[in-house]
Each structure stands twice: as structure tokens, then as C-alpha cells.
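Pasting the structures in now, so scroll down.
Presented sequentially are two complexes of subunit A, the first with subunit B as partner and the second with subunit C.
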Partner chain A sequence: MKFVGKSIKRVDGVKKVTGSLKYVDDMKMPRMLYVAVKRSPHPHAKILSIDPSEALRLKGVKDVITGEFYTKRGGLYLEDKNFLAVGKARYRGEAVAAVAAESEDIAQAAVELIKVEYEVLPAVTNAVEAMAPNAPLVHPDLGDYKVAPVFFPEPGTNISNHYKLRKGDVEKGFAEADFVFENKFYVPHVQHVPIETHTAVAQMDADGYLTVWASCQSPYAVRQALSAAFDIPLNKLRVMSPAVGGGFGSKAGTTLEGIIIPLAMRSNGRPVKLTYSREDEFENAYVRQGLHATIKTGVRKDGKIVAVQNEFIWDGGAYTEYGVNIVKAAGYASAGPYDIDNVHTDSYCVYTNHPVGGPYRGFGMSEIHFGIEQNLDIVAEQIGISPVEIRRINGLKPGGRTGTGELVEVCGLMECLDNVIRDIELDKEEPASGPNKRRGKAIACGWKAPSMPNNAASSAVIKLNEDGTAHLLVSAQDIGQGSDTVMTQIAAEVLSISPEKITVRTGDTDHTPYEWQTVASRITYSAGRAVYEAAQDAKAQLFELAQIKLGVYKRDLEMRDGFIVSQIYPDRKVAISELALGLTFEDGSGVHGPIIGRGSFIPPNIRNADKKTGLGDHPVAFWTYGAQGVDLEVDVETGHIKVLKVASCFDVGQVVNPQMLEGQLEGAILQGMGTALFEELMLKDGKILNKSFVDYKIPTSDDMPELVVSFVENPEESGPYGARGVAEPAMVPTAPAIANAVYKAVGIRLSTMPLTPEKVLAAMKAKGQTK
Partner chain B sequence: MRPFEYFRPSSLKEASELLVRYGDGGHLLNGGTDLIVRMRDGLTLPSAVIDLKGIEQLSRIREDEESVYIGATVNLNQVGRHETIGKSFPYLAEAALSVGSKQVRNRATCIGNLCNASPLADTATPLMALDAVLEVFGPEGEREIPIRDFFVFVRKTSLKPGEIVKGVRVTKTAGQGVFTKLARRKEVDLSMVCMTLLKAEDGWRLSYGAVAPTPVRLPKTEALLNQGAALEEVLSCAVSEVKPIDDVRASREYRLEMVKVMLKRGLEQIEKGGAVS
Partner chain C sequence: MSKLTVSFILNGEEVEHETLPNRTLLKMLREDFDMTGAKEGCGAGECGACTVIMNGQAVNACLVLAPEAEGSIIETIEGLSDGTHLDPLQQAFIDNAALQCGYCTPGMIMTAKALLDENPTPTYEEIKEGISGNLCRCTGYKKIVQAIQSVADQNRVGHGND
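Right, the complex of A and B next:
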């Protein structure tokens, strides 16, 4: 292949490194109004009254709205949220009113003048406690909410989804086991911290046509959600996402758009803008849900795991319209990448008075694997085999069955494991750098499938220009992962034209074709396949015309370097440019007209799992498997962990752009390291104690270990050129691999993230490991 | 942000008069890395911001045979990269370069770091160990404040109304010193605990940050070190001389433990002849 598999330079690179790319917050429009939001100081409180009169009297204030202006609930999978609180506030920081004013400063000042009377309600700030029968209810009306039929809320409780997986007979499995172990793990809330915070501008024309510019991953999903929430038909609602400065899931759904739209509706055509501060980002965008996990494992003496029982209790926060699906994804992936006959999982999405949980890179996988992969090392040690052996014995291989009973056809897990063992030199003992240091190496595996509706669709349009160049239109969003470049490479490969000849346009629901969402590590796979189909469609049209022009039957034609060429008589060829607007005959007449390729794609044959058991023969598009190895050092006096080296290998099907893929994997490892070592939203009675970078730390370049990234390529049949997604899986094994390596180094097992120096030291003291 | 008057005086006298005129509402602006953040968060609401960067004489590092003097508007990168400071007080240079990020250090000043009076001011511990002297200009004229008398409490100094710190003077001190900072992350982080240990010709000097309401010297521990007391005794004494609290960065217990570990390591490093002046 000419372009696929090559390290083509990023097509958006120059604009990004020179700072010339315009993001939504860069937009300044005439007569623009600026929004500030009044937020609840209580985690749970009834709103008795809101008095905006003093705010409205402030010079420069144009409008104040409250939730009462638009009381209709919305949500992606479960309609449980309002963009502005209606009746009560369910988390600290929830929007209760919003001001539109001539400047940000005026809007901020006006917010202070809004008077809100609350009746404070008892708050529930622990998911396990929230499941107790007498716990305060965050959503007493849960039974009335509209919900997609694959989710199972339990009205009268705080459980908004109870996912069940029942494979085989877990009791029989435990009875057959030689050993049974039970371990508990906790993963706290973290935030995505994209470099660009959430931002949006909305403007409504006199005829009711609404335009929204938003930094969002999924313009079409946002359009659909806003259309439903505000009763605007899709042909009167345009969502544009001109550029996204990082998303990691936080910009997948709708957040602040719904706050500004009512103001835009009432502002007589004036554009209305809201940009989140970093503090807002921590409190009022999405956070990764917390997880309390219990894993019970039945294992035979020979290392074969015969039964697993999981209980996952997720702290979904105040609204779980999106979170219910994370809980489902975690449930059907709960066996991990292992072949286990008896699996019994309960995965609960639980409302609390915490910030709103939502999609975060990994979609539940990083959280459950923190337990699954540590648990495996614990079990292996207890029965006297190595971490590698237990994974070789139980790891999925072609011919095996997943937790939902699906037959595994393509799976490079064992190859990935071999590669990381080699790259991390797992069996080579190496000295620590000093007398107070202990060194440890360990591994972890991981898997993930795209968590999306079975029929999540992609489409692409490719328009050929009369000079032989092309425009590629998609709504797959380049959120930093490099999709603009990957889409370009796939089109270039099919048409055999150089990538510089293709301009990609994205993110405009009026002008670029449908894309379900830029999430789920599905863009290279799904949008890539639509681009492949669109380019094939353009190619087929070119061949129709070329066979007339050249007198060569179309089956004998091929694309080569901008020409349609006969494979038999290479001198018979015609340039794309000559056919781009149709075929012209010698008498000047023409046929066909401009070449426009069209591609649509839905992953084939994904079917719902059984509602009662969760079992299904093809419930997801594909699984991505991989492994990572970590080499680290622990300071036994301070508890500090220094990660020296991380090796990573995933089965990606087909590498489209090696350099970008390496970069993506490296970023994922750093993000995984961040959660393992530093990151945690410190929540106390519903209040975030560290909602800024002063006390919420993410890794810097100085924390970067040596990284060795490799790939295995077992093609995915339905993906473009065999490619499958890896963006999210890439960070899944990092945190448990670090935890396992800490155990190797100093013999302590930490069941909660992050592994702070203080926790490490306390655990070592408890075990009598310090000097 | 509340509206405020902005002044950029060209003399200390003018700046001091403005401070007096605006009273509690008058705030000095230097690098702004603390003030601007506090203003954004609504924690400080000045009626007047008085920018010192227009006062030419404050922008230099001066030295003579006995001492080095750092002017009030000298930034932390300038302190950290200064040749004489690097040679004579490597631990001070290290402390200066441990604050924030390179970009922050291009704005933030050493004097600002002191006047902010944070318990964890990184540059305070080496200056405390060096018995630095702050040169102050005020309505009543000039005076000097030994750094030990400068910090009063969290965010409180002994400056009187209208007084402005012109700079800090340190006497060249022969000896070996070590600055260490323990933070959650290697770069761009606040100290969980920071320490300077100095073995001067006249004896040991030891100071800590982030373990009390102000940066502190540990005179009893210094005395024990001078007497050549046993390590265990020295370490327990150090712990008894500090009063850390629990916060989001670390617990009291962990800080106390680190006070010992850092001192022990500092002593080892000096014994090995680590950082020398």
C-alpha cells in the first residue's frame, strides 16, 4: 500500500503548531452576549425561589433564565436531566440560573445579584450508601423517565441501571474450584482535563433557525439531543464544531449548549457565548464515574479460572443519562479478556449527589481492569503460578468464548503479551538506582469493544475537482487523535492520489454527512470504512467513464498516481482530472457530470444481547486486545513511585499511520499513569476540594518514562484495510500494571487509585516493610 | 474582576505614598503570579494595583565581596541562573528553580515569593538558613528586617503600612547546603515539605517550609547537630519543632515522617560532599 501504513504528516499539523486554527472560544461576533451561570452551593437542595430582579437591573444585563423556562427533561439513553435545574439541585455546582450580558464581567457580577432560596435536603455522597433502602432519593420520579430499552432502572431506588450478566452456573463453578478468592477495589472520580475547556456559541435567526458552534466530539448527536430537548426540527438546527482542543469523552454529549440555547431563543438574534473556566470544567462538565468493585474468583490448581462473580457499584453522580451505558459496557466486559465458563456480574449505576459522571477514555474499562488485572496477579501468587502463566492459561485465543458467550475469531492477545514481556525484559532482574529504592516489573492485559448502539452509522462524501484534487466530507471529528489525517490516507489509498491533493472538511451538520459520534474508538474503523466506501464509489464512477474513454473493460482498470490505467495496456490511461466533472466526447458533448462518491456504513450484524442473561453471539463490533508492561522504582522512605519504562502492545488490525499511532499510545500511557499516580477528584460532602491544577495534578513531560510501543496486526474483517480502534484500550492496562509492579517492588497491594506516596508508605509501614 | 486603579510609579517614594493613600485596598504588583490569581478568584479585591516594575533600581542583582543583593523585581529564573548565586548558594538557585514552571518563573519574583508569606514558599527556606536580611523602604524611611522576623503567620508579614521590600541581602557564607523539595509531581507543583540544610562555618542551619504557619528555622535541632548528637535524637527533635497540618497535599503524619527522611538524606548528602559553596 502507498499511503495506508505510512507516517504521513498530520494534515492539521501546521495550523495547530502555528496557533492559527480557530477554536470556538476564538469566535467574536458583532453584538455577542456573554453568559455566566448561577450555581447551587448545596449538593442536594430544593429550590424554593429564584429572584433575578436585582440582576436584571444591572446595566448591561440582557436576560436571566432559570430551569422553569424549559422544563422538559432530556438525555442520551435515559432522560433524567435538565440543562438548568428544575425544582431541585442535585449536585454542588449545578446550574440554577443563567445571565446573558454585554460582557463576561457584567454577567459574572449579575450572577452574584441573583437571589436563590434553598431548602437543603439530605445528600448522598457514597454510591454504596446510596443503594441502602433508606437512602435519600436523588431522582424520586425515576419510574416516569423515558429510557432506552436496553437499560434497567429500578424506580424507588437510586439505581438507574442494573446490568446483569449470567453465563454458565457460577455456583457450580465455585464448587468445582480448588480455591476461591475475593478482592475489593475502589477507583475514584477523575476528570478529563482537555487543554481546551467546554465552550459554545448559539444564535437563533428571526425565522427560528438555530446555529450552535460548540467544541464537541459529536455534532450530529448534539444536534439530535438539542432538537429533542428544545423541540426544534433537525432542518432548523445546525451544529458546527470547527475545532476541538481535546475531548477524551467529555465533549461527547451535551453540557453547556443547553444553558445558552434558551438565552439565544430570547435574545432577538444576538449570538450568545459561554466558555467554561477550568474550575467549571472540573465541576460542571463530565467526570469519570467512581467505582466500587468486588471480584470473586474460583480457580483450579492448574491455574484455570472456572468462575468469576463481579459486583460493580458505580458512583454515577447526579445525572446518569450517559453513565448508564458505561455501566452496561463494564458489565459485558467484566470477565476481562479471559475465557471463563461461569460468569456472574451485577453492574449498578447509582445516583449520588456528586458531579455528573460521563464518558471518559476507556468507558469503564480502565476502572474495571484496575481490579481485574490486580486480582489476577493476586490469584496467581496464591496458587503459586506466575502472572504470565495465569494469563496464558486463561487469556482469550481464537476459538475461545468471551464473557457474553461470543466466539472469538480474531485475537492477538497472546502475541501482545509476548511482545511486552520481551520489551520490558520481564524476567531480567535489574538493580534499583539506590539503597532506598526497590525495583519492580509487572504486566497487565486489557480489552475493549466500541460501546455504541448496534446501528451506529457513519457516512462520507468525496467530491472530485477538475484539477484532480478532492474534497472529503465527514463528520468524524479530529479531537487530537488524528482522524483528519487517517481519513485522508484511506481516501488517498483507494484513489491512488497523494494526501496533499485531498482536503478534509468536518463538523458541520448542514454540510458534512452523518456521523453518529466521535467516541468508542470507532472512527478509524467506522468512519474510515465509510470513507473507503465513498472513495470506492468515486472510483467505480471513474471506471465507468474510463472504460468508454479508453475502450478497456472496467474490470481491467486500476487507479495509479492520479490516473485510471489499464492493467493490460499501461499506456492506455486517463487522468482523474479529465473525468472529475464527467466524460467529454470529441464533439464537445458530455455525460455523467461531476464525480461524487458516497459511502455509508453500519457495522454488520451486531445484535442485542439477551435481556435476562446478557449473553449474545455478536453484541459488539469487535474487541481490541492488548497488554502493557511496567518497570518502576519505589522510594521506600518517601513512598514515591518513579515509572522507568512502559512497554505496550495492541492488536490494531492494521496500522494506518505508525507515527501518529505511536503518539496516541504514548499519550494513553501518560494518561493512564496520571490516574494511577496523581489524579483524583477529592470529594467531601459533595464538594470538590481540588478543582484546579494547583491540587489536581496530571503528568508533565518530566514524568515521561521510556516508552516502547509495538503493534500486532490481525486484520478486522469489516474495518478499512483491516483496521480496528485502539484509542481508548491503549490506556486500560497502564494503571493495574503500575499497581502490579509496585507489588513486585515492595510487596504491597493498593486497592485504591491513585497510588500516592503517602498511601504507598502507609501500606509499607502496615506490612513492616520500611527500614 | 472588580474595577481598580492601576499605577506604575517610577520611584519607591511614589509607590509608598500610593500604598498609604489606598490603605488596605492598595496592593503591590510584581510578577502577578499570586496577585492576579487571587484577584480572579475574588480572594483579593484591590482598589489600587501598584506595579513595581517601573522602578528601575529594583530590577537588579548586585554583589560585592561580602554579599549578594536581589532586587524586588528580579524574577526567579534570573535568581536561579545567576552565576554568583549558583556558585555561592547553589541551594538557593535550586529553590528558585523549583517554583512553578519556567513560564511562571519568568514572571514570579523571589521577593514576591517571600511577601506572599505562604508557609510553603520555596525560596524562604534557603534564605532563612542564610539569615537573609530584607531591605525595606517606608514612609518613615528605610529599615532592615531579618528574615526570621519577617514572617508572622500565613499570608502575614511584619511590614507596616506603606512599606515596600526593596530587596533581600544575603551574606556570602562558606559551607555546604542542600535544598530539597518533596512534591506530588516532579515539576510544577507545590511542596508537601521543603527543606534547606546548611553546614556553615559557624554551625548547622536548618529550615523547613509547609510544616508550620510560616517557614521555620529549627534552632534546637541545629544545636543538637552542632553538638554531634545521635541521628535518632536529631530527627526526633526536628519533628518536635514543627507543627504541620492535614491538607489536600499531604497529611500531618506524612509530613512529619518526611521531615525526618529529608533531614536524614540532607545530612548524608552533605557528608558525601554533595552541594558545595
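Right, the complex of A and C next:
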């Protein structure tokens, strides 16, 4: 291949290194108004009254809006939320009113003048407590909410989804086991922390046509949500996402767009803009849900795991319109990448008066693997085999069965494991760097599938220009992962023209074709396949015309360097440029007209799992498998963990762009390290105590260990050139690999993230290991 | 609050500008001069996305008040290339895939520029330390350090030829 598999330079590179790419917050429009938001100071409170009169009297204030203007609930999978609180606030920081004013400062000042009377309600800030029968209900009307039929809310409780997986007979499995172990793990809330905070601008024309510019991963999903919420037909609603300064899932849903639209509708055509401050971002953008996990494992003496029983209790926060699906994904992936005959899982999405849980890179996988992968090491040690052996014995291989009973056809897990064992030199003991240091190496595996509706669709259009160049239109969003470049490479490969001859345009629901969402590590696979089909369609049209022009059969034609060439008579060829607008005959007449290639794609044959058991023979598009190895040191005096080296390997099907793929794996490792070592939203009575970079640290260059990444390529049949997604899976094994390596180093097992120096020291003290 | 006039050199051009004294350099650059390359990531000097070079030093523009710009020389990402040719650092970021979403990139490049202006041949560890005030959530930093290193290597060769 000429372009697929090559490190083509990013097509958006120059715009980004010159600072000329315009992000939404960089937009300044004539007569623009600025929005500020009044937020609830209580985690759970009835709103008795909102008095905006004083705010409205402030010079420069144009409008104040509350939830009462639009009381219709919405949500992606479960319609449980309003963009502005209606009736009551369910978390601290929830938007209760919004101001539009001539400047940010005026809007902010006006917010202080809005008077809100609350009746404080008892709050529930622990998911386990929220499941108790007498717990305060966050959504007493849950039974009335519209929900997609693959989710199972339990009205009258705080459980918004109870996912069940019942494979085999877990009791029989435990009875056959030589050993049964039970371990508990806790993963706290963390946040995505894109460097660009959430931001959007909205403008409504006099004829009712609404335009929204948003930093969002999924313009079509946003359009759909806004259309439903505000009763605007889709042809009168245009969503554009000109650039996204990091997403990681946080910009997958619809959030602040819904706050500014009512103001735009009432501003007589003036654009309105809202950009979250970092503090807003911590409090009001999605957070990763907290997880209480219990894993019970039955294992035979020979290392074969015969039964697993999981209970996952997720702290979904105040609204779980998106969270219900994370809980489901975690449920059907709950066996991990292992072949286990008897699996029994209950995964609960639980409302609390906490910030809103939402999709975060990994979509539940990082959280459950923190338990699954530590549990494996614990079990292995108890029965006297190595962490590698237990994974080799139980790890999925072609011919095996997943937790939902799906036959595994393509799986490079063992190859990935081999690679990281090699790269981390797992068997080589190496000295620590000082007398107070202890060194440890360990591994972890992971898997993930795209979690999306079965029929999540992609499409692409490719227009050929009369000079032989092309425009590629997609709504797959380049949120940093490099999709613009990857889509260009795939089109270039099919058409055999250089990537510089293709301009990719994205993120405009009026002009670029449908894409379900840029999430789920599905873009290279799904949008890539649509681009492949669009380019093939353009090629087929070119061949129709070329066979007339050249007097050869189209089956004997091929694309070569900008030409359509006969494979039999190489001198018979015609340039793409000559056919791009149709075929012209010698008498000047023409046929066909411009070449426009169209590609559409839905992953084939994904079917709902059985409602009662969760079993399904093809419930997801594909699984991505991988492994990581970690080499680290623990300072026994300070408890400080220093990660020295991380090796990562994933089965990506087909590498499209090696350099950018390395970047995905490297970035994922650092993000995983952050959650493992220090990231945690400190929540107390529903209040976030650390909503700034001073108090919530993310990894810096100083934290970067030696990074070694590699790939395995077992092709995905339905992916473009065999490619499958990897951006999220790449983060999944990092935290448990670190926890396992800490155990190797100092013999302590930390079941709660993050692995802070305080916890390390306390655990060592408890084991009598410190002075 | 009454406005005051500040004069400074912005990307090689003398400018005079009337501003409120409590306006930050970042707001002034982004909103008054429409130079939006520097980004606001936190507004508190913790993320480095707003980094510009002031009198040869990398500074967080969100922490500098507009009056402090008086008499200074300020360089922003907009001034780094002449519109047709990229600065070697910019080219190195592209060649090394040292960017993903691009939001931290202008600040990161300006920090790297100041670092290399002061020390044209930093070591790997010095680069790692030098950019540790600039947060990037996408790349894992490795390719950024490699990009800066590649320019340092060119400088090293250049010095050898002197």
C-alpha cells in the first residue's frame, strides 16, 4: 500500500503549529452577547423561586432565563435531564439560570444579583448508600422517563439501569472450583480535563434558523438532541464543530449548548456565547463515574478460572442519560479478555447528588479492569502460578468464547502479551536506584468494544475536482486523534492520489454527511469504512467512463498515480482530471457529469443481546485486545511511586498511520498514569474540593516515563484495510499494571485509586514494612 | 476605572493600545488584537496554554496585566512564522507528530522557543523539565520532547560547524 500504513504528516499540522486554527472560543462575532450561569450551591434542593429582576436592571444585561422556559426533558439513552434545572437542583453547581449580557464581566456580575430561594433536600452522595431502600430519591419520577429498550431502570429506587449477564451456571462453577476468592476495588471520580474547556456559540435568524458552533465530538448527535429539546426541525438547525481542543468523551454529549439556545432564541438575532471556566469545567462538564466493584473468582488448581461473579455499583451522579450505557458496556465486558464458562454480573447505574457522570476514554473499561487485572494477579499468587501463566491459560484466543458467549474469531491478545513481556523485560530483575527504593515490574491486559447502538452509521462524500484533486466530506471529528489525516490516507489509497491532493472538510451538519458520533474508538473503523466506500464509488464511476474512453473492459482497469490505467495495455490511460466532470467526446458532447462518490456504512450484523441473560453471539462490532507492562520504583520513605517505563501493545488490525498511532498509545499511557497515581475529584457532601489545576494535577512532562509501544495486526474483516479502533483501549491496562507493579515492588495491594504516597505509606505501615 | 495607554512591541511592530488596567495581557491579545493563538486553559497560570514570550522570557499571559506590557517586547505564536515559512520548531512539531488536538500547541511552542533561545542545545532532561509547566492531555509528551530535541540537535550541528 502506498499511503495506508505510512506516517503521513498531519493534514491539520500547519494550522495548529501556527495558532491559526480557530477554535470556538476564538470566535468573535459582531454584536455577540456573553453568557454566565447561576448555579445551585446545594447538592439537592427544591427551587422555590428565582428572582432575576435585580440582574435585569444591571446596565448591559439583555436577558435572564430559567429552566421554566423549556421544561421538556431530554437525554441520549434515558430522558432524565433538563439543560437548566426544572423544579429542583440535583447536584452542586447545576445550572438554574443563565444571563446574556454585553460582556463577560457584566454577565458574571448579573449572576450574583439573581436571587434563588431553595428548600434544601437530603442529599445522597454515596452510590452504595443510594441503593438502600430508604435512601432519598434523586429522580422520584424515574418510572415516567422515556428510555431506550435495552436499559432497565428500577422506578422507585435510585437505580437507573440494572444490567445483568448470566452465562452458564456460576454456582456450579464455584462448586467445581478448587479455590474461591473475593476482592473489592474502588475507583473514584476523575475528569477528562481537555485543555480546551467546553464552549459554544448560538445564533438564531429571524426566520427561525438556528446555528450552533460548539466544541463537540458529535455534531449530528448534538443536532438531534437540540432538535428534540427545542422542537426545531433538523433542516432549520445547523451544528458546526470547527475544532475541538481535546475531548476524551467529555464533548460527546450535549451540555452547554442547551443553556445558550433559549437565550439565542430571544436575543433578536444576536449571537450568544458561553465558555466554561476551568472551575466550571470541573463542576459542570461530565466526570468519570465512580465504581465500587466486587469480584468473586472460582479457579481450579491448574489455573483455569471456572466462574466469576461481579457486582459493579456505579456512582452515576445526578443525571445518567449517558451513564446507563457505560454501565451496560462494563457489564458485557465484565469477564475481561478471558474465556470463562460461568459468569454472573450485576452492573448498577445509581443516581447520586454528585456531578454528572459521562463517557470518558475507555467507557467503563479502565474502571473495571482496575479490579479485574489486579484480581488476576492476586488469584495467580494464591494458587502459585505467575501473572503471565494465569493470563496465558485464561486469555481469549481465536476459537474461544467471550463473556457474552460470542465466538472469538480474531484476537491477538497473546501476541500483545508476548510483546510487552519482551519490551518490559519482565523476567529480568533490575536493581533499584537507591537504598530506599524498591523496584517492581508487572503486566495487565485489557479489551474494549465500541459501545454504541447496533446501527450506528457513518457516511462520506468525495467530490472530484477538474484538476484531479478531491474534497472529502465527513462528520467524523478530528478531536486530536488524527482522523482528518487517517480519512485522507484511506481515500488517497483507494484513488491512488497523493494525500496533498485531498482536502478534508468535517463537522457541519448542513454540509458534511451524517456521522453518529466521534466516540467509542469507532472512527477509523466506521467512518474510515464509509470513506473507503465513497472512494470506491468514485472509482467505479471513473472506470465506467474510462472504459468508454479507452476502449477496454473496466474489470481490467486500475487507479495509478492520478490515472485510470489499463492493466493489460499500460499505454491506455486517462487522467482523473479528464473525467472528474464527466466524459467529453470528440464532438464536444458529454455524459455522466461530475464524479461524486458516496459511502455509507453500518457495522454488519450486530444484534441485541438476550434481555434476560445478556448473552449474544454478536453484540458489538469488534473487540480490541492489548496488554501493557510497567517497570517502576517505590520510595519506601516517602511512598512516592516513580514509573520508569511502560510498554504497550495492541492488536489494531491494520496500522494506518504508525506515528500517529504511537501518539495515541503514548497519550493513553500518561492519561492512565494520572488516574493511577494522583487524579481524583475530591468530593465532600456533593462539593468538589479540588476544582483547579493547583489541586487537581494531571501528568506533566516530568511524569513521563520511558514509553515503548508496538502493534499487532490481525485484520478486522469489516474495517477499512482491516483496521480497528484503539484510542480508548490503549488506556485500559495502565492503572492495574501500575498497581500490580507496586505489589511486586513492596508487597502491598492497593484496591483504591489513586495510589497516592499517603496510601502507599499507610499500607506499608499496616504490613509493618516501614520504620 | 479609567483606561490607560500602553506601548509595546508586538511581534516586531510598535503598537499603542488603550486598555483597562485590570485587563490581562491574554485578553488584550485575544480580544483587542485578535491574536487568538494563545489560549486560556485555566486562567490561573497553571496550564501554560497562554504562553507568550515577554522580553525573552516565556510568561503566562493570563497572569500578566496589560499595563505591565508597557515598554516590553512581546512575541506570540502569530509572529513565529512569516506566513510562508515555518519556524524550525513548528516544522519539528509537525514532523514528529508532536501535537494532537492542538490546543496546547501554541503555548508549548513558545515555551520551547524561549527555552532554545536561552539554551540552544538543551539535553533531553532539560527539555522535559523546561516544558513541565505546559500541560498537554493528548500526546503523553514524548513526541513533543523529541520535536524540541530535534531542533536542539540541529543547533548542536550548527554550532559544530561554526
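Basically, the second predicted complex is superposed on the first by the 770 of 771 C-alpha atoms of A that agree within 3 Å, B and C clash if a C-alpha of one lies under 4 Å from a C-alpha of the other, contacts with A are read in each partner's own complex, and residues count from 1 in each chain.
Here is the rule we go by: contacts are C-beta pairs under 8 Å (C-beta built on N, C-alpha and C of every residue); 3 or more make two chains touch, one makes a residue touch a chain.
On a predicted model such as this, the values are computed, not experimentally measured, just so you know.
In the superposed model, A:678 makes contact with subunit B only, not with subunit C. Of the two partner chains, subunit B and subunit C are each touched by A:694. More residues of subunit A are in touch with C than with the other of subunit B and subunit C.
Within the superposed three-chain model, A:758 lies in touch with subunit B and out of touch with subunit C [touch as defined at top]. Residue contacts after overlaying the shared chain place A:243 against subunit C, while subunit B stays out of touching range.
Of the two partner chains placed around the shared chain by superposition, subunit B and subunit C are both touched by A:702. Once chain A of one complex is fitted onto chain A of the other, the partner contacts of A:57 are absent, as it touches neither subunit B nor subunit C. When both complexes are overlaid on chain A, the residue A:638 reaches subunit B alone and has no touch with subunit C.
Residue overlap on subunit A between its contacts with subunit B in one complex and with subunit C in the other: 694, 699-700, 702. Within the complex formed with subunit A, the subunit C residues making contact are 30-31, 34-44, 46-47, 49, 76-78, 80-81, 86, 90-91, 93-97, 99-106, 109, 127-129, 131-145.
Those residues of subunit A whose C-beta lies close enough to touch subunit B in the complex are 105, 637-638, 678, 682, 689-690, 694-695, 697, 699-700, 702-703, 756-758, 761-762. Listing the residues of subunit A that touch subunit C in their complex gives 7, 9-10, 12-23, 25-26, 28, 192-197, 243-248, 277-278, 479-482, 659-660, 662-663, 666-671, 692-694, 698-702, 704, 707.
By the touch rule above, subunit B contacts subunit A in their complex via residues 1, 182, 184-190, 248-251, 254, 257-258, 261, 264-265.
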